């Protein structure tokens, strides 16, 4: 059951289209409905955490739900209608039902002057307030009159909901993927991240063999990661590598933001994959602002978790507006992001140190059929060079990723050369504790030291 | 008594103007008169070290004084007159009184062919000689005749004189400022350094609180710093940071020359201030040539002393010529140099490590009124980012300067965020021995390790 | 007996011209004849290693010799004649004597389509095969007919032959120079390397004093270095520095390829010399492909051996073609390469740490006649700066090469300043164990710590 790129592109776009109409927030039915749709594709566990639960310095907030909202003119016409676009209501708006003059109403209106037809996206999670987001054109069209305003929402004790998918591997050491599910009808931020995560998890389940266990979190931003971290403190030390996935469907190259550690294997693996992936890709240093990596990379947590996106939040005008819609995300970009995640996983899975059984001088590759005596070209040439790199630096100190970085060759070329050389008995794989390589090294080195 | 920039600019220029006419050298009445003028503004101690005193590899030289000097033509007209410009006499010229043909005289004349109206500045401290410095125009105008030459100087046992101002702080650890007082009528080199040092010391005396003690040296170049070092060897270990101040009034950006150590706090503080100060500023590596940092950075001394100037010596044509006059130094440039020194001092004073009481995930800034829930802009945005940086990196390992450097934000922004967070009880200041931070760190980290 | 540049240029070209006609391969009479010619200039030892000898993963091959080879048309005309150019026969071709149609013959012809008048150079050492290398013009001129083909070669048990020159110095620690002698009529690759090695060895014999012992290897590529390493494993630890010499006569700047270690003294010495040598010189990182440095830098050997060449192999079209002939190598380029080798040797020989007897402040250079009191210019200025650098950094931690690198001055300037200061008693040379410098350092530092 390996998806072709074409079918997966359709799957990615299909899931985004299915989730797009749902009004999500950091709590409430929108999140639950989203998780139900995900559960049709991936056997996630759904967790409910009661309002009022203390999670580190934070408290799980009351649950917010909304049924309807509108601004009507005195004729009773809905001039602003939540049913048309769920961005119209400031997320976590308290209930309101009142007639008011336009002057009072305007204090609760948010617009985007620079993009007069776009509706902004606003939230007020931790301060009680209400408001409408409308296009500048809509605001301008409002007559100097009175309006009936209704937000039919509830803000009451309930739960914070998140989804979790755990896929065991050979080792209890984990790779964490985290993506936020708290944004309403916004496609790139973050239905793209959700879709890539779902299909990445599905692909991982198809693998015959997994070195690592994998954990996928579908959580509301900030409070969700804080809640998960607070409830899983004893699991943190098992997390070896991780990625926050977000904004993966828009134009632009891939952008990897390093973990706070900065030189972790995930940082090097992601940087390597971006270097060897076509496009104007970019690696950035960690800053303590952004998505949930802020929490995963807080000083006492300090996990090796980076963030993969395309053009980062705030750097494209459609960000947090109604223009981040189904037209804004591109199937090819989603597929490219998916494939970069696959490549990163492959580096994590295959990263290892090998030891050459020939420490003194090169082995004779020609008589093993590994070397064209008349000189190779093209891909064969790359493969020969990769073999020389692997043999020379498989000294017990350099891993495949080390060798890929030093040689400038792709991890995949280095990995393939390693497989070939291993099949010919020229390499031995080092155990994590280094012990198994002792004989390989000392066969040669011991002799040379006589 | 905080000077406004305008009044300080006037003070800086005023002091330079007052000192300009005095004929200084490495010893003698010119230095004493200069120190008397400084003493009217700053309660310096004046030290007299007898000629012949051995200071490391050097000997304090005889004292040089000069009353008058001239070259007269046979009509008795002074064609070169020391009273017009004290640069006319090579510093440390031995006395001479003799009629001689122009051919003999010319062997003792120094000119600047490329700037025919400028008089060069020359010295002959450690080799007995005499000479006149004249403009190329003056030299050209000398007729082929005989001249009466007089240098009414004395070179005799006496003293080397230097000034010292010590301002105690909370700690016996010192910050050293050193500036040379041996140049005659040259404004940028180094009346500018003297003036900035005097008013920097005055500003320091007005501070309610000083972490460090401060020491200002007003010394003749080379022999002065060697003499001071030889007489104060047991004090050297108290010097934590230092700056040689020179050439601070001319055009051009600020130039910081690193200490021999290269990565000392003074090096990082000065580089940081220059990066965040407008202008084409520049940081250069240490070289064992220049001003008194040569001695402070000799291998066995190796103090964390850099050199702050504007366009460095030898890189502007007016250097060591009569064109380095009152027109050459600019009040705004002096003031800018002064402010850079202030900023560097503020970094040194406030540099410290703090520990966040919230090591696991971010604290909720919003409920403490520290975070605009709708997103900030401009200065408020910088302040919010600075808070996130301080919280994330206050892990017991990173100082405020570390955080400023890593974030790209100014030390001042980081410091202000630290003050705010400290007031809210979110940070604890680390003691020098690290002990007081133990509880703060272990409250959180201990929990996470359960 | 110091050669002038002019006479050495003639010597270098003369030796290349003498060796050019000989048909060399990795074994056989061509190598022996080449070593006989070298022996007329340098008392090398010639070693013979029997076919079948196991050397690490390799086996010394059978010996190949060739007397004649040709392709004749049916008229009996030699249309391809080994006697005209020994590149015509693929090296290690098995004997053949057969009439065949052109279709069959063409399967054994190698040409260079892009350079229709050039003959390529091909080998088939480790796979039994035969073939002819001809110009594309020659191939095109062959009529559609039958041809008589003859390769009068032998491939039989014999020996692998190599030459070795060992020149003892004060220390048993060695500098290794290695150059390959297996290429037939190709001038740059590698008669240039052979010629430079021979005259470098001759120059070294003329030195009154050598700190290191020197070893020169004249060996067939790959199998030669593997054989030498296998037979000399107990000598490897004495090798401190080394260079593979190759391709030193062509156009283009000098190119130094670092050893696998990358920061060894030879790497720094060669990089320094190239930086201070006129021309577009270049330093490259180690890669595990190239000449015999592949073996010297295999992981279990890991000697500090780099490779010095001009435009590297494969980067000039004449590489491994008949166009790498006597016209291709230039006397001036050979001489420049020779001089670079000399300069590198001088750095290796003179690299040392000194300790200044004046650790506290500068010594007074003026009274020792080392410093112009009025300021120096040009070469004198460089010398004064070099003295200041040496004095400041002769702290027991920095070597002359360290100081040269840090100052940007040439090693030669630093060395000359060191000699001057040593003569004046201002420096003491550190012994390898550092002990002798103890007094010098503690005279000053001990005092300052009182």
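The chains carry the letters A, B and C, assigned in the order they are written, with residues numbered from 1 in each.
Going forward, contacts are C-beta pairs under 8 Å (C-beta built on N, C-alpha and C of every residue); 3 or more make two chains touch, one makes a residue touch a chain.
Since the model is a prediction, treat every value here as computed from it, not as a measurement.
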Rotational angle, Cα trace of chain A fitted to chain C, multiple of 5°: 120
Interface numbering overlap (same over half, different under half) for chain A and chain B: different
CA centroid of chain A to CA centroid of chain B, Å: 52
Shared-contact residues (touching 2 or more other chains) in chain A: none
Sites on chain A touched by chain B in the complex: 55-58, 122-127, 222, 225-226, 229-230, 233-234, 236, 260, 287-289, 294-295, 297-301
In the complex, chain A residues that touch chain C: 356, 358-364, 366-367, 373-374, 385, 388-389, 391-395, 407, 444-445, 447-448, 450
